[in-house]
Structures are given as structure tokens and as C-alpha cells.
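What follows is a set of structures to go through.
In the two complexes below, chain A is the common chain; its partner is chain B in one and chain C in the other.
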Partner chain A sequence: MRSSKKEQDSLLKWFQEKLSKSSDVEQRSLGNSDQQVNLMYLRSVSDSKVVNQYIIRPYYEMEEEGVYEKYIASFPGSKSSQDAKEALELLLNGYIAIFFNEGTLYLFDAVRAEAGPVAEAQTEVIVQGPSDSFNESMDVNMNLIRRRYQSGDLKAETTTVGHKSKTKIAIMYDETRVDPQVLKELKKCLDGINIDILQAAAELDKYLSGNKYRLFPTTIVTERPDRAVFNISEGKIILIVDTAGFVVILPAVFSDFFTAMDDKLQVLPVGWFLKGIRYLGLILTVLIPGLYVAFTSYNPEVWKVQIALLVAGSRATVPYPSYIEVLIMLLMMEFLTEASLRLPKAIGPTATTVGGLILGTAATEAGLVSNIMIILVSAVAISNFVIPMNMMGFTIRVIKYPFIFLATIYGLLGIVLGLVSVIMYLSSLRSFGQPYFKIYALDRIRTNKVQRERENG
Partner chain B sequence: MVKNKYIYYLFLINALINVINFVPRGLIAQRFNGAAMAIVVSVPIGLTLMYLCVKMMNKFPGEGLPEILNANFPRLVSKVMLFGHTLFWYFAGLITLVAFVDVTMRYITSDVSPLLIMVGFLVVVCLAIRLTSESILYGLEVLIVINVPIIIYVLFKALLNPMFSWDAVMQVITYSLKAPSYGAIAQATFIFTGYLNLAVFNRVFDKVRIRQLWLIGIFGFLTLVVTVFIPIGYQGTINVERHVYPWFSTADVLRTKNFIIERVLFFFYFTYLTLSLVSSIIHWHVALEMFKGLFTTKEKKKRKIDPEWWMILAFCAAALILMNTNQFVRDRAGLLYLDGRLIAEMILIFSLYLAHKRRRAKKRE
Partner chain C sequence: MNRTVCCLLALLLLLPLQGCKFKDIDLKLFVIAVGIDESESNPDKLNVTLKIAVPQGDPKKAEQQVQIMTQEGDTLAETIREMKSRTDKELDFGHCKAILFGEKYARKNILQSIDWLMRRRDLQLTIYTAVAKPSAKEVLNVQPVTERIPANSILLALSKEGTESPFIVPPAFSYILQRRVDEIGVDPILALVEKKSENEFLINKSYMFDKSKAIAVLEPEETRIYNLLKTKNLKTSFNVDYEGLKYAYNIEGSRAKYKIITPKNSTSYIEYRIKISAEIEESQNGVRFTAGLLDGLSEAAGEQLSERVKRALSKIHQSKCDPLGWGLHYYATHWNNSTEQKDWEDLNERLEFRVKSDVKIKFTGTIR
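Up next, the complex of A and B:
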């Protein structure tokens, strides 16, 4: 009897030592000196109501310690642990450590997770369709998905990333549809992540894809449960990052970044039209600045005569070559976008008014930039915003500068060189072993045909 | 492993690219001496070679020519053959690039120095040939799908133009019954050679099947007819031979009426520049892989700089030197290449057959 008491003491001591200088540690002893049960927990992450109601009060209502131990063990979420280190981790997580007389240690789940309510999606707004979004709690997020995907095939495995943050990550996928190779590769990647703190889903995306210097996002980061569920049904894997508010979908292909969730709701031709508009926007936003430089400085003969004269006339007062004009205006536009992104909501509109209206008009009147340039810059900005996924939008914002550079050196030829390079680069990318940039539409028609044949016998 | 459809793209890229090369010029030069017959004859020859090559390649699933030759022939023989093939593929890419530097200088930007243009081409091509074979095929598919509508547009524009002289075409067709020379046949069969890139790309194919061989035959035939007769229809039976790039001169004849870009030449240039680049990428990718096959040693040493870079550097250096040749030398070399190509192709297919036999004999032992 004495020896086990000693064991309990030494275990308690070890915990106290580990948690010294933490003011939010609570330690309580229940019972008399002979029969003693010790509690230890962190006030900041454990729910004190639970402690009072389910742990302290029942102890005094029960006669025997053996019964109490059984009572504690019967709760879902309580664990008996031998490993002190693991116990400490759980304790930091919000569990309550209960030390019994015989030296056994129970951990009681009393985690208090603070998270915002399920709010409306902010970054991927759609017109019709569900508007709820993921929040910072993993359990809520899993609930949002499970409710929409009620199948036994939906699996959820959890693991942690980050030496200090111990961020929980749930890997969810449909067992019957997922590509096992991708799953294997993902797990290997997750094990290989060697960082201290993980706070955002987009950060995870950065570490997963290996190559730091790649230009295009190879995983989707979304806040929409419906997108996540749709992708699960297509055989993709989603990673829910606890405390992040966003989930990661992988593997991603290029065309995924040009799909909005309400495409599915539209009648088919309208859906195609909207998709076409987005790709057109992509082409325009990337090529317009480069083409302007190429056409004004190298190949004005490409245009019809009237247009060539119009552009030349509008540029008559501009005192420097076209590429400087383009760069100045584009940089101003980047500043404007960046400024209005980070500004508090109350000041935001002012920046746009000052930048867009006053600066634009004044610059053309002063003769520093041509009128046509202003039109083109606005067209570039607007068509950039057409891209529904933010990550891709940022990439595209960067991509147009190399095109300007190439157009400055080579003219029209440079644009073609750039296009071929970008396409070859995109084709060389892989998202978890899956090709990133292929014409999937052609494959899909074929697979649909095969499927239909199979269904018809 | 990639899907079977990519074999068609490999065929298509060669068929499409032929119009900028020496094929139309060679055939047009012999328009009164059997070019038309050469076109007719080249179809069965091209299809037979294609069929045989695919059949032979299927005997070695997932293997490229370097592996096949190295495994089944004496070292010296395989090295000589690989070196020869490397040269042929290297020249295929180089001719396209050099021709395009010239075209760019003539038609698009005379302000940029040819050296700079060549450097631009080389940077893009050399960075791309190091990609995996799969990636190159994906890129090829995308570029072809983007460009084919433009080609069809230009074709319709050309054929529906009232200035197109059908009489000139008829005039040349009356010379159809002349027996063709070897050179004309070699030039005409060039458009079917795309499948030969299987020599390396076979590594990523599961099993190649070509269905509807006759459709490829018809497509090839029509391509050749268009290649030769559209320039004749625009520039006349006699004057057509005065153009160095008959197709670019033809495209420059056309203009759009209701669009912001007036000259069709620019669509044509855009399309053919992208296609030429990707075609050069494919050819040099094959050349590079063959060249690497030359130096395979049993034990693999890890070196600081990938030896691939030295090979690419050699490719670039040779390209920069050879681009300074004059028009006549280039012309002669281009036609010589086309003549030699047909023989090299047959040798390649025959060597595959021998390799297959030798391997079977070895297995029986």
C-alpha cells in the first residue's frame, strides 16, 4: 500500500516539475490522507464545469474508490495511460489527469475548444447554394462534412503536425474512390513535415508539395464544406486542420481552380459559358500587358490601320517607351489592390476612389500614360478577379510580369515563347503524383462513354 | 503510363509541322517531275513503316530504343547506331529552329538580332527537353488542341478565297503520271514519321495500338495535297518556286475583314511557332535520351553536375554555330536530311526486328 502511494507521489512530482511556472495549472486532492485521489488540469483549456459536475461531486457521492474508478473509466473519451509523456501531452490538450491511489492514472476528456460559430463563407462567395463555411474547430468541421456525406466509406484518420503546436489534422476520404497511391504519398509527406508551428491550412499546402519554388498551387485550400464534399465524392482527399478554418483538398488539377461551386447549379450551357468566361479572363489578364508592349513597340503592323493609329495617337504625349508605361500603371494597380485588401473596412472604399478615379484621370490628363493604357490596366485587374480561387488569382497576378519582360525583349515572339514555356512548365507539375495540367475534358468524355456502356451491359 | 491517344498526337505534330520545313519546297521544286505521284506513293510506304514500327515496339513494352539496342546488340554496333540516330533527331529539331529564326527575321521582328532569337528558342527548348516524357506529351496535347482550330481557320480562309487559282492546281495535277524520284518520296513520307518518336516515348506507353490506320492514311494524304497545292494556287505554277518559305508567303496573302488583326500571317505565325517549338522539344528530347543511352555504364556514379547539362550545352553550341550557315547550304542540308531520314527509319525498324529475334534466341538458350 505504501509503495503504490509513493509511486503516485513521484508521478505527481514529475508532472508538477514539468508544469512549473504555469499559473493556469490546477491541482486538487480529494478524500482523506489515506485514501487520496489527485486531480491535475489546466484551467485555460479544460472546462471547469465538467470538472465540478462529473469528477468532484461524484467522488463524494460514492462510497468506495473502486466504484469511482470504474465510473471514471466508463466515460467515452477517458483513457488510462502508463506513458507519462503521452499523458502530459493530453493534459496540455485539455484532458484532466486523475491519479488514483494504486498508482494508476486516468485521463478524462474535458477539452474546451473555443471557436467561432459556423458563419457564412467569406473568401469564396457564391450566388446560390449553401453558404456555411468551416470554422476553427475540427469537430465542427467534421460534422459539416459527415452531415453531407453519409456513407460508411468516408474514413477519417487523425495525426498531428508541428513539434510545438501539435496541430491536429484529420485526413478524410472515401475509401472506395480514393487513389491508394495518393494516400500513401500524402502520409509519407505528412510524416516528413518538420516544423514547430502550423497555424493555417495554406501553410500545410506549402510544406506538402515539396518544391518551394513552384509557381502554381498544387492543392486547393477552401472554406466551403460543399466543395470539400464534392471533391471527396470525386475520390480526392481532404485535410482538416484544427484551428485553421480552412481545409486542404488534394490532389488538385489546374482546372479545379477555375470551378466555382455554383457552376453545378446552372443550366448546362450557362455553366459552360461561365467557365469559358473564366478561362478568357485568365488569358486576357496574363497576356494583355505583354501584348500591349509587343504591339506598340515591335509589331504595330499587326493591327488594322485605324487601331494602330488610335493607339499611336493616344500615346503621342507619353514620354517613355511602352514597357515603362505598362509597369508604372500595373504597379500602381498592385498597390491599390494590396492596400484595399489590408485596410480596415471603413477606409477601404476611399483608397479605391482616390486610386482609381483621381489617379487614373489625372495621369492621362497629364500625358504620363495613354488613355488606352488605363483601359487595359482596368481590364487586367477585373479579369484577374474573375478567377474564383484566391491562391490561383495571386499566382496569375505574378505571372504577367515575365510576359512583359519577354515582350520587351522579343516583341510578339516573346509572348509565344512565354506561352510555350508556361504550358510546358504546367505540364511538368505533379500534384501528389497526379498530372496537374492535362486536357481532362477529352478523357472525361471517354470515361463517361465507357461507364455508360458498362451500365447498359 | 499514358493513354494510347498520345500516339496520335505524336503523328499529328509531324504532319502539321511539315509545311514550314523543306517538305513543301522540295515537293514544289519537283511539281512537274512526279511530286503528285510521290504523294500517292508515300501513303502506303508511310503507313507500312508506321505499322511495322508500332508492331515491333509492342514487342518491347515500356522500353526505349537505347535500352533495346544496348541489351541485344554488341556494344560497338549499338553505340554507332545510337549515335547516328541522335544526329538525325538532333538535326530534325535544329532544322526547325533555324528555319524559324529565319522566318521570324523575315516576317515578324526584324529589329531583334537572330542570335538573340536563337538564344530565346534554345532556352525554352533546352529547359523543356529535360522534363519527363509524360510531361512533354501532356504539353504537346494542350498545344495541339489550342492550335488546331487556328489551323482549320487559316485553311478555310485559304480555300474559300476567290483569288485562289484552281486552274493552276489543275495544271500541276496534269503532271501526275510522272514517275517520282527517291528524293520526292523521302520528302513526302516525312509527314508520317511522327510515330518514330516512339523510339523513346515507348517507355511511357503501356501498349501502343493504332486503330483506323486508313484514316491516318487519308489524313496524311490530304495534308500533303494541301501542303503542295495551296501555295501553287496562290502563287502560280511557275512563280511558286521563287519563295523560300512558300507557306508563309501564302499566309501573308490572306487578310481578315472583320477582326482587329488584319493579316492572317500572325495567326499562322503564332500557331506554327508554338508547334515548331514543341516539335523541336520532342525531337531533342529523343536525341538527348539516345545520347544518354550512349554513355550508360554499369555502375552509376553521382556527379556534381548532371552530365545531361554537358550534352545540352553541346546541343546549344552546335546550334549556335550551325545557324550561321547561309541559305543555300541550309537548303541543301535540309533536303539531304530528308533523303537520309527515310533510310535511317528503315534501318531503325529493321534493327528492332533483329533485336527481337536475338532476344528470342537468347531466351531459348
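Up next, the complex of A and C:
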């Protein structure tokens, strides 16, 4: 931006005015009065080491200002800004504004990103295979993906979301494999987001999917680069949210939430078995409480006579109807899960001990809850945690309560009703225009084949 | 909004469909077995006995409690309604597994109880049926020491889930009983449960029915022959006398099939062909087995078995009952609506039996 000295002064003034009440603003003048270079940056977001090393010291080592200007302009991170507003934004982001005497404004990248090192994945643990996870820095995250997907087809577009937070979001996808329709819809969605602050990837997921009252997650939020890369290769789109540590993968289908990254590492039959176990866990955790109510109160003849007598015997002392019994125990279990999640690590085990030992054993011995109920509740809790993606796990935790309600009112019929409605609902869901409940494996085989044919000529 | 209202309305409309009332399992009494006898005082009345399991709180304790209730009445339905006022909890027939007809009652007419069995919605169609001697009440009162769940031992025996005795006829589920009562050309046959002592019963005979009433008893030996003819690979052993010594052979595999042969100008006969492969299970005096001895034994065994089968068949035939379904077989293979039934009746009058048993004793049962 070429302008006279006067204008440069006014620009500097404008900046000073805008940042007048910020104590972390640093403004320095270099050189003597007629040949002056003004620096302005925010101490809190810019790296002062960079300022010293690359901006201030070279100035005094160079004879002419023109050489110095060229020196600054030659850095890959420096920009000559177009307008004041954008310049201010960059300044707030950690850039250093360098005002030259002739009225040129350069912005020099000295962003100090506080991001931890690449750590091990915490929320999606696997036994073998790559264990590093995304961290809070977008550049690191993009690096993690680029390193694993070395193809010129991998595109990365950036945009920002949030009026105040200006969170950077990178959209990464394989150009040849992505569905352009989905990409278009995503961009429309991103443009439509009207919020002040965006802090987490999961939050973005909420705004993207549109319907506020939807029950199931329609985008995957993951912290595993290998999952992200695998999904890119399947033609999906990755949204990297700066400062988040998680990325969003879309579009998602139901079965994606039951895939752990181990599955690909296992021997084929073992992988199938593990996957089967997860679906079994899903069915169990959703249906067990409802079935217990239906069978104890409406259709005891479904059980074998031995079990029927056992349940009847162990329920003999229980003063409440079965659905209240189930609700009490399930809510207790939810409290226990929440408590052990929120408690600081040092006192975390207390919740487990108190809950597991005292609640479980004492409640049955006091005759408030039947023995069978304790077994069922533990089975429900354990099989819930079999689901590898947390978002889905939380949804499933909620889903079982409607089933209890239906079983209480309609018995076994209610459970069937609930199952039918859940399946209908899942089939009606769309993730960025893609059917949510489709069997992805078949689809994948087909697209891979088309892909290979296209690539081979 | 509209959709939500529709959903709620649908749920509301579904309410009457829920079937039973919400009643927890601990407010129900499970009837495990029902016994039906003729009343001693009034032959027109029924004497119904219910065996009710009382749930046990502690599964570790082996002792089991049973309540046995008896009530007299004109019809089963009414009698059971009356019994309901004698208990504190609702009687639940969902787990009812056996119906026993007292011998005296069975010899009169069981059609009324079968009708009740088929109509009552909470009685399953896979209930085991049997005849009880001396009466259903007394058999239900038997408490075997090996029993862990009330009335379970009788179920295990009748279903052959527990013991696999060759002297127990295949399970006569209530739907099978009903089918055999309705079907022309095949008659019901039920196992006979006898009370031996306070804690032991005996099931090794069976009762042949002519549709509505019990006609004749098949002795253990005949019951076993019936099973051999009816089921494949019966697990049993037979004795054989050969050259003055006693042997016993165990059946490895067995198959029986028959043909109804109606030659012109002579009496028709049913030809049974029985194929058995067997191994020696027992022998007297430590004989050395040779291939020749096995051949001789096989031949003798075949002859002796044929005799036994023939005797049993003629007894079944003389009783005029048809538990093996020869009539149905005849109708199915001689299709002629107007005359087939009469043809069979004529033919059945003078029916003969020919039995060809092909016993192959292949193994000696030991390794040398």
C-alpha cells in the first residue's frame, strides 16, 4: 500500500486508537527521525524472539532502508496488506505491522502458537497402529494429514468462522474422490454459520447439520489422523478447526461410528468378530432395560421357566414396579459415569468404589433392587462403552430411555414399535445429502472400483 | 408440530393393543402343570389339580417350594376361576408345560380338555400331554429328590431333554394331540406316567387312544417297538439268544419303513423293513468273537426282532387304534375321495403284518 508519509501516520494513529486500551500492544520506532520504520505488534500473540531476530537486528545491520524493505518482503510469511481492517485482523492474529516511511505497510508473520507436542490419542484408544493425535495447531494437524496422504489431489482450503473468534477452518479433501455436491453444500453451510465464537470441532458439527433436535451425530469428530486420512481416501471431507484438537469428518454414515481403526489392522475374521461385537453391544445396551420391563411385567412367558422363577424370586422384596426399579438403577449408573468423568483424577476412583461396591451390593441386600437388575445394569453400562466413537456412545445412552417408556406402556409391542421407529428415523436422516443409514462397505467397494478405473485410464 | 401430534395419536391408539395388564412378575404365580381327573364323588364333574411353582428368592438354595391345589367343578374354565380366589396372586399359565389326564378320566373322554387347551390364549401349544396313573393328582404330588424346579422332572422326562429312555413315546405336544384327534387315519398315543412312590414315578408304558378316549395300554416292550418303528436312530439295546447263550446289542443306527401292499385275490398286508446297525454290548461267558459269530448273531437278532415287532404290531392292530398312521398313509397313496375311507376299513379288517429286520452287528464294542 503505497501512500504518503502523512497517510502512514494516520494509519498508525488509527491502529493506536483501535488498540488504545490494550496493555499488550508494543509499538517501537526504528532508525532516526526522517528515516523511520514503525513496528506494532501484540506481545501476547507474537513471538518477541522473532521480532528481535528477524526485524530489529537486521535493520541496524543494513545500510539502506530500501534493502531492508526488500528483505522484509522476501519472507514467505510477510504480506503487504490491502486494507486497514484486514491488517488489524492479522495484527490481532499475531502478525507484526511494519510501517515504512514511504507509507508502505508490511505484515510479518510472527505468530506464537501455543500448541503442545503431538500427543497420544486419548479418546479413541487402539491397541496397535499409529497412536498420535491431532493437537490445537492447525498447521501441525495439516502436517499430520499431508504426511500420511502424499498426493497432489489433496486440497486444503481455508476459511474462518465466528465473528469474534475468527477461528480458522481448513477444508481438506481429495479432489478426484470427493463428491462435489457435498463440497458445495458444506461451503454453503459454512457461509451460513452465524456465531460469535467457535471453540471446538464438535460445536461446528452442531451448526453444520442443521436440525437442532436430531438425535444421532451426522458428522464424525475424531482426534486420530489415521482415521481422517482413511476417510479422505474414501472421498470424505475433513474440517480442521484451529485451536480444537479434533477434526470433523463428513459426510458420515451410521456404520462409521462402529469402526475402530484397529479393524483394518486385525486379521479379517477377527475384525469381523470385533465389529459384530460392537453391533451386539449396541443392541444390548439399547434393548436390555426395555426388555427387562416388558418381560417382568407383561410377557414373562418368553423367558425360560427357570429364569422366570429366579426373577420373580429376586423381585419378591422389591417394593416398586419394574420400570421404577430400572430407572433408579440406570440413573444411578449415569450419575456414576458423569461423576467419574468430571472428578479430578486424584479422587476419581472414589466414585467407582462407592458406586460399584456400595450401591450395587447394598441395594440388592437391602431388597430395594433385584439381583438380576444389577447384572442388567452392568451389562448395559459395559456394552455402551463398546461403541468406539464417543458421540454415538452419548446418543445411545439417551436412546434407551424411550425404550423403557415404550416397554412400560406397551410391553414387548412397544419395543418392536421403538425399534421400527428408530430404524425409520435413521433411514430418514441425511448427512450432507447422503443417506445416513446406508451400508457403506458395499458402496465403498463400488466407488473404489470406479476410482481405480478412472485412475488407470 | 403436525407430525408430533400424529405420533402421539398413534401411540394413544396403540394403548389397547398392549395385551395384558401391567403386572409385575412377583405378583404372578406360575402354574407349571395341570392335572385333570374325574371327580370321585360325581362322575360328571372334573377334578382339576394345579402344580404351582413358588419363586425362591435365593438361587443358591436348592430347596424348591411347590403349591398343589385341587378343586372340583363342571368345566375347567370355571374351576380355574374358582381357584383364583384361593390365591393371593394372579395365576399365570404362560409357563404351563404339562397337562396330565388321570387314567379314569382319559378312559372316558378327553375332548373337553383338549378343546380348553386349544382355545385358552395363554396356554402354549407346545404343552406336553400324558396319561397319569392312578390319577393326575397323585402323580403331580410326586416329589422326586432330583428335582430342582417344580414339576421339572416330569417335563424333562416327557420332552426327552433329560433322560432319553426308549420306553417313552415321542412328546405329544398339545397341538399334535389336537391334530391327531382331528385327523382321520391317525390316532393319539400318550405316555403313561405312573406313581411308584412318594418321590418316584415311572414312565415306560403308553396309552393308545381312539380319538376321544384311551383304549389300550402298550406294555414297555411294545412301547419300545413303537418307538423303533416311529423314530430314526432309536437309542436302545435288544437281547438276543444265540446257541444257548445270551447277548445284548446296542443300536447305533436304525431305520424303519413300511409299505401297504394290496395284492389282488389275497389278503393285503403291511410290510415293515427295519434296518439296524449295531454293536455288541454284552455277552455271556467271555466268548471270542469272530466274523462268523457276528454274522450268526446278526441273523438270529434279525429273526428274533422280527417276531417281537410282529407281536407288537398285531396287538396295536387288534386294539383298533392307529397310532402309527397307516390309515393316513393309505389315504395319501390311494386318492379317491368317495371310497378311500371305506376301502381302508375293509382292508384293515383283515390286515396282516410281515416284518423284515435286517440287523447288522458290525462291532464288538471293544478295541483289540
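Simple rule for what comes next: the second predicted complex is superposed on the first by the 435 of 457 C-alpha atoms of A that agree within 3 Å, B and C clash if a C-alpha of one lies under 4 Å from a C-alpha of the other, contacts with A are read in each partner's own complex, and residues count from 1 in each chain.
FYI, a contact is a pair of C-beta atoms (placed from the backbone, for glycine too) under 8 Å apart; a residue touches a chain by one contact, two chains touch by 3 or more.
Just so it is clear, the structure is predicted and the values come from calculations on it, not from any experiment.
S.K.: Report clash or fit for the pair chain B and chain C bound to chain A in the combined superposed model.
M.R.: Clash: chain B and chain C overlap once superposed on chain A.
S.K.: Can A:Gln16 be said to touch chain B (first), chain C (second), both, or neither?
M.R.: neither
S.K.: Thinking of the overlay built on chain A, is A:Leu417 touched by chain B (first), by chain C (second), by both, or by neither?
M.R.: both
S.K.: Quick check for you: in the superposed arrangement, does A:Lys438 touch first (chain B), second (chain C), both or neither?
M.R.: A:Lys438 sits against chain B, while chain C stays out of touch.
S.K.: Regarding the shared-chain residue A:Ile307, is it in contact with chain B (first), chain C (second), both, or neither?
M.R.: In the superposition, A:Ile307 touches chain B alone.
S.K.: Which partner chains sit in contact with A:Tyr298 here, chain B, chain C, both or neither? Use first/second/both/neither.
M.R.: A:Tyr298 sits against chain B and chain C alike.
S.K.: Now for A:Ile409: first (chain B), second (chain C), both, or neither, which partner does it touch?
M.R.: After superposing on A, A:Ile409 lies in contact with both chain B and chain C.
S.K.: Using the superposition on chain A described above, determine whether A:Ser428 touches chain B (first), chain C (second), both, or neither.
M.R.: First partner only, chain B.
S.K.: When the complexes are fitted on the C-alpha atoms of A, one of 5-13, 77-85, 113-121 or 149-157 in chain B overlaps chain C. Which is it?
M.R.: 113-121
S.K.: Could you give the residue numbers on chain A that contact chain B in one complex and chain C in the other?
M.R.: 298-299, 301, 305, 409-411, 413-414, 417
S.K.: Can you check the complex and tell me which residues of chain C touch chain A?
M.R.: 11, 14-15, 17-20, 22-26, 28, 30, 32, 53, 55-59, 92, 94-95, 97, 122, 124, 149, 152
S.K.: If you look only at chain A, which of its residues touch chain C in the complex?
M.R.: 295-301, 305-306, 308-318, 321-322, 371, 408-411, 413-414, 417
S.K.: Using the touch definition from the top, list the residues of chain A that touch chain B in their complex.
M.R.: Those in contact with chain B are residues 298-299, 301-305, 307, 409-414, 416-417, 419-421, 423-424, 426-428, 435, 437-439, 442-443.
S.K.: State the interface residues of chain B toward chain A in the complex, per the touch definition above.
M.R.: 3, 5, 104, 108-109, 111-112, 116-117, 120-121, 124, 127-128, 131-132, 134-136, 138-139, 141-143, 145, 260-263, 266, 269-270, 273-274, 277-278, 281
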